[in-house]
Amino acid sequence: MKWLRRWQGLLSQKPLRLAFLGLVISFLVSFPFWASRYWVDVGFYVGLYALLGLGLNIILGEVGLFNLGHAAFWAIGAYTTAILNVRFGIPTLALLPISAVVAAGCAWLVSSPIIHLRGDYLCIVTIALGEIVRLVLINNPGGLTGGPNGVVGIARPVFLGHVIRTPMDFYFLVWAVVILCAIGLRQLQRSRLGRAWNYIREDEIAAEAMGVDVRALKLLAFVVGAALAGLAGNIFAAKMRMVSPDSFTFMESCLMFCIVLLGGMGSIPGTILGAALVVLFPEIFRPVAQYRLLFFGLALAATMYFRPGGLWPRRRTAEILVGQTER
Amino acid sequence: MKWIIGLSVVLALCGWAQPILVGFQGPLTGPWAVEGDWALKSVQIAVEIVNARGGILGRPVQLVVEDDGGTPKGGTLAAQKLIAAGVKFVVGTYGSMVCMPSSELYEEEGVVHINYGCTRVDLSARGFKYYFRTSGRDDSQARFFVEYVIPLFGAKRIAVMHDNTAYALGVAEDVLRFMKPLLDEGKVELVYYDAIMPGERDYTPALTALRDAKPDIWYYTGYYPEWALLLRQGKDLGLDWKKIKAVGSNACPISEAVKIAGLDAVVGAMITQEPLPAFLVEKYPLAKEFVEAYEAKYGPIHDSPWATYAADAIFTLAFAIEATRSLDPAVVAKYLRSGQVIGEGITGPLSFSPEGDRLGVPYMLLICTEEGKSALFDPAVHGHLVGM
Amino acid sequence: MRDEFILETQRITKRFRGLVAVDRFNIAVREQTIHSLIGPNGAGKTTVFNVITGIYRPEEGKVLFLGQVLNGLKPHEILARGIARTFQNPRLFRNMTCLENVMAGQHAHGRAGFWSSIFRLPHQRREERAIRERAEFWLRKLDLWRFRQELARNIPYGCQKLLELARALAAQPKVLLLDEPTCGLNETEKETMMNFIAELPKEGVTVLLVEHNMNVVMGLSDFITVMNYGKKIAEGVPEEIYNNPVVIEAYLGRGEGNALTS
Amino acid sequence: MLTFLQQLLNGLTIGSFYAFVALGYSLVYAILKLINFAHGDLFGLGAYIGYTVFVYAFGVVGTVLGLWGLLAAGFVAAALGTAAAGLIIERVAYRPIYPIGRLPAVVSALGMAIFLSNFIMAVWGPRYLAYQEHFIPTGFWQIGEFRIRVLQVLILLSSLVLLGILYLVVEKTTFGAAVRAVALDRETAALMGIDFLKVIRFAFAVGPALGAIAGVFVGMYYRQINFTMGWVYGLKAFTATILGGIGNIPGAMVGGVLLGLLEALTAGYISAAWKDVFVFAALMLMLIFRPTGLLGEKVAEKV
């Protein structure tokens, strides 16, 4: 596994990094033009889970808050889109920011009273939260969520007169959002707020003593993470054209948790890589049909065995801060 | 000259050996893996039967199996995978919410998609051209009760009882909906329509009201614990289950009711039930052949109606392709939509509405025999139990 | 008279499940001095620090800073008022670079918010540059420049102590609470640290020092407060304390007789 | 009143299951600070091993030892088999990883959970398997309309006895002292010459074994088992663990029983459909008002 580290070392040199970035982007852009529809759809799900992973990465990776209920915010985003579109006919794409805002608002409401909990206690509360959201959706309060049947008939999103319908359309939609979010998050990582998040993860007491408003910043992390999940929810609802509670199980939260750790806590490229693994593993093992999840489980454990720090951990020592000349 | 014959023989063999790909999409992993497993085995048996008879258009059928994990997301991936494999006919899947996004993909690609385990009513209301289902819909049971059970007994005074749970209320409301034309024409009369509270132990007040309404037939749409108590207490109250035909819904397995209420109270009571293969063998030859082949290979036949419908989806394809002598999905789909009976499958005659719904809802009426077993109701054999 | 004291506690009491760690404790620190707080192990010195910096809430008493009550404020608010601290065992952000560690000190002085950070607005860039330059200034000053891109957990222990001091100073505090700054250092490192601390009052930083090493205490302090069992037992200039029988008793009584003379 | 008593009894029975499973979480957590997500599926594995013994050894063991002998054989086999599986998982999936960090170990545990449930499906098939009547004690006592099943008494008694024994072992023996020392501070315990690996092995053998016993009981009580049961019970039992206070034995018991009662009573008196919502909400409220945070239980933390 040394080659991976060496490889990362190479990327700290600017020309190589730019070349690599160019390669990745040209691969991402050209992919749907030469891959089959099936693989384009797989690529879409990688993007979707990358978006979810990036959201959780803020909470878990940057701030170190154990959140095993992230699927709840995904569900809230998806149901916001579904209900507002089906009941009130608001265009699906216009609901993209609204879903994010609603998910973020819900995150703010529910995490305010629990944000002071530490470690595993926060973990269990978020599990409870995820389950409560799913169970409430199943129980169909006020006939709003359609119970186990969910909400169906979501309109296709329309972008500047172009109806987003093919796998390729959705692929570009989700990856555009992923890349925008990744850029934004990278800017945050290299800012006062991003550093403060990391201070909290490293040592909460020292961070507070150094003037970091721990509570406010933890809440901010939850809100931003949930907003990204809300975006993912909107795109997911638009792609499926329906939402139902069984898409947002505890297992999904666990998978997101795995994505962040497989990639490396607090690492944006790592998270995207982790999402690729979590989506690709079950697809690779398709030939063994009913045994594919068995191999998936083994693969998760094996990855942690070989790369306990994640596949692509963040390398701070090579990072360049604002206004700094490169060494 | 010889080599020309040889070549043509080889070509003919190749042509014959070129299999027809049929996709199977089902939950082979995840919480519904049981249904996926049964459906896959049933479909494999059906394919073996078809191939043993010489295949379709003289070509063997080859299954392409994809797992959807029982999730909508898995459904779209499995569907894309099947489409990418060049499959033009697909059998699948279990679960309406899994089916919904996948069927859109099949529709767009023009792949004939025959559904076996999805009962949501609105699945067939989307104006799709390639979507079919061999299973019934959520309202099939109510429809079966109104269109088959009521005429069977010539019942005029109808009683419907539910327990206010979503499921029971749904069935009861569907019964009213399908009965509306009959009520308007005055052919039947709704003499009792009320709910009981599940979990209570004493239902004598409700049963007294039922007795006073003097119904010919009493349909209970709730679950078996209450049904069993109702039967018992009704009997004790002096209600005659030969005069008032007691019919329960498919959530009222007879064996459980016998355990709770005792045989004397349940004998002659009936339930409406999805077609289970074990009860179909006497009625349809194909069912017999299917069950025998299945049991020879996998042991005792499952009791899932959905897996049985999955096998019927294979036969539907076989019949339709043979009849049209075409492998063009559009032609096959158009033929299936015609509404004519295309053949007799495991669950009876196969025909579809223009929306793709199964016609002639294949529900069945089971009765509790004197031995306390459930049996397919046959007026000649069981008539005396219900005073016919 | 009162206004001379920049930092004061009035009868603060802190209990842990019946154990009184700090008992009606008073201390008053004059501006631009080095004030030491000494006492045997478990006397409650660190608890006093934790009460002043808001990590613990006292059951009774008040903490006054520049005449204002600090009670009820959160640690980060107290830092923003101008009280910074170090910890007995360095609590660095171990998986971050030394530069980032020192930048932490200025978090409270930053203004850039969420959106301006995402879009790198001009004022955010200016602020980031200022934060970095200030951090670099302190790294240079404490001779840590060579470690600026190293992870904090990878540098020697002595440097970690200095790094923590740099982090606290980067917060531009009026009062600096130092919890055993020389503990665990070798002689040369101790020397550097002492010289550095001695300079602080001239730069306008008042120091409240908890220290076990009496050479350091006697060499640096302008004023000393001694506590034992959570109570103040003596206070005065170094010479007074050095000869105070109560203080000697407190140390000797606990079998640490060489503490004062070491 | 009568229904209340009946619900209480049901709640206690379910609570005993949770307590059994919660103990495994608690033991491992106390020692490694690791949430062993695979524990629920080990419980499922136990139910399947017990089933296999009952079905395939029925003829042989059943005739030699009678029904109770067969039951004992099933429980012992399930406990041993599952303990072995627990030890293997610890050796293969956790030991190489947990020195590096507990979060990677959580991912490994999730991987093992997915692996185990699918392993069960691969071996025993996805369909529900029925614990048949002839190897379940079916007797009951009828007091008026109140009915106590022999099986319920058996479950309650064995939970009290086994968990009591475990409690005594941990609290009163030298080895128990070692376990507690490791739970308190691993490094210091190692310096004191305590065999850390031995303590870990203890946790990974006893926890799953107790889980397996619960698995067999659940099979008997509900008459059916399937390969996803471990995940569902695991989540509930983990909740019980936290409810009672993670990392201590009486806590796991109290938490389990409390959760069982809460479930039975909300299902009986409020709404079965909203039962789990109430349970999880109660858990959240409890944690909000009794947080174990900076100034809570962890005051001892040196600042």
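A, B, C and D label the chains in the order they appear, each numbered from 1.
As a convention for this text, a contact is a pair of C-beta atoms (placed from the backbone, for glycine too) under 8 Å apart; a residue touches a chain by one contact, two chains touch by 3 or more.
Quick caveat, the model's predicted, so the values are computed rather than measured.
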Completion exercise
Touching chain C and chain D alike are A
Completion exercise
Greatest Cα-centre separation from chain D belongs to chain C
Problem - Contact-richer chain pair (by C-beta pairs counted) among A-C and A-B - result: A-C
Problem - Most centrally placed chain, judged by C-alpha centres - result: A
Problem - Centroid spacing, where centroids are CA-atom means, of chain A and chain B in whole angstrom - result: 41
Exercise for the section: Averaged over CA atoms, how far is the centre of chain B from the centre of chain C? Could you give it in whole Å? Expected result: 77
Practice task
Let me have the rounded angstrom distance from the C-alpha centre of chain A over to the C-alpha centre of chain D, please.
Solution key: 32
Problem - Where chain B touches two or more other chains, by residue - result: 29, 33, 36-37
Handout entry: Contacts with 2+ other chains: residues of chain C
Key = 55, 87
Handout entry: Overlap residues in chain D, where contacts from two or more other chains coincide
Key = 118, 121, 126, 294, 303
Handout entry: chain A to chain D touching residues, read off their complex
Key = 113-114, 116-118, 120-121, 123-125, 127-129, 131-132, 135-136, 138-139, 204-205, 250-251, 254, 257-258, 261-262, 265, 290-291, 293-294, 296-305, 308-309
Completion exercise
Per the touch rule, the chain B residues reaching chain A in their complex are 28-30, 33, 36-37, 65-67, 69-73, 76-77, 80-81, 83-84, 96-97, 100-101, 104, 120, 122, 166
Problem - Sites on chain B touched by chain D in the complex - result: 29, 31, 33-34, 36-38, 302
Handout entry: chain A residues touching chain C - in the complex, by the definition given at the top
Key = 184, 187-188, 191-196, 198-199, 202-203, 205-215, 220, 224, 316-319, 321-324, 327
Problem - chain B-facing residues of chain D, complex - result: 118, 121, 125-128, 226-228
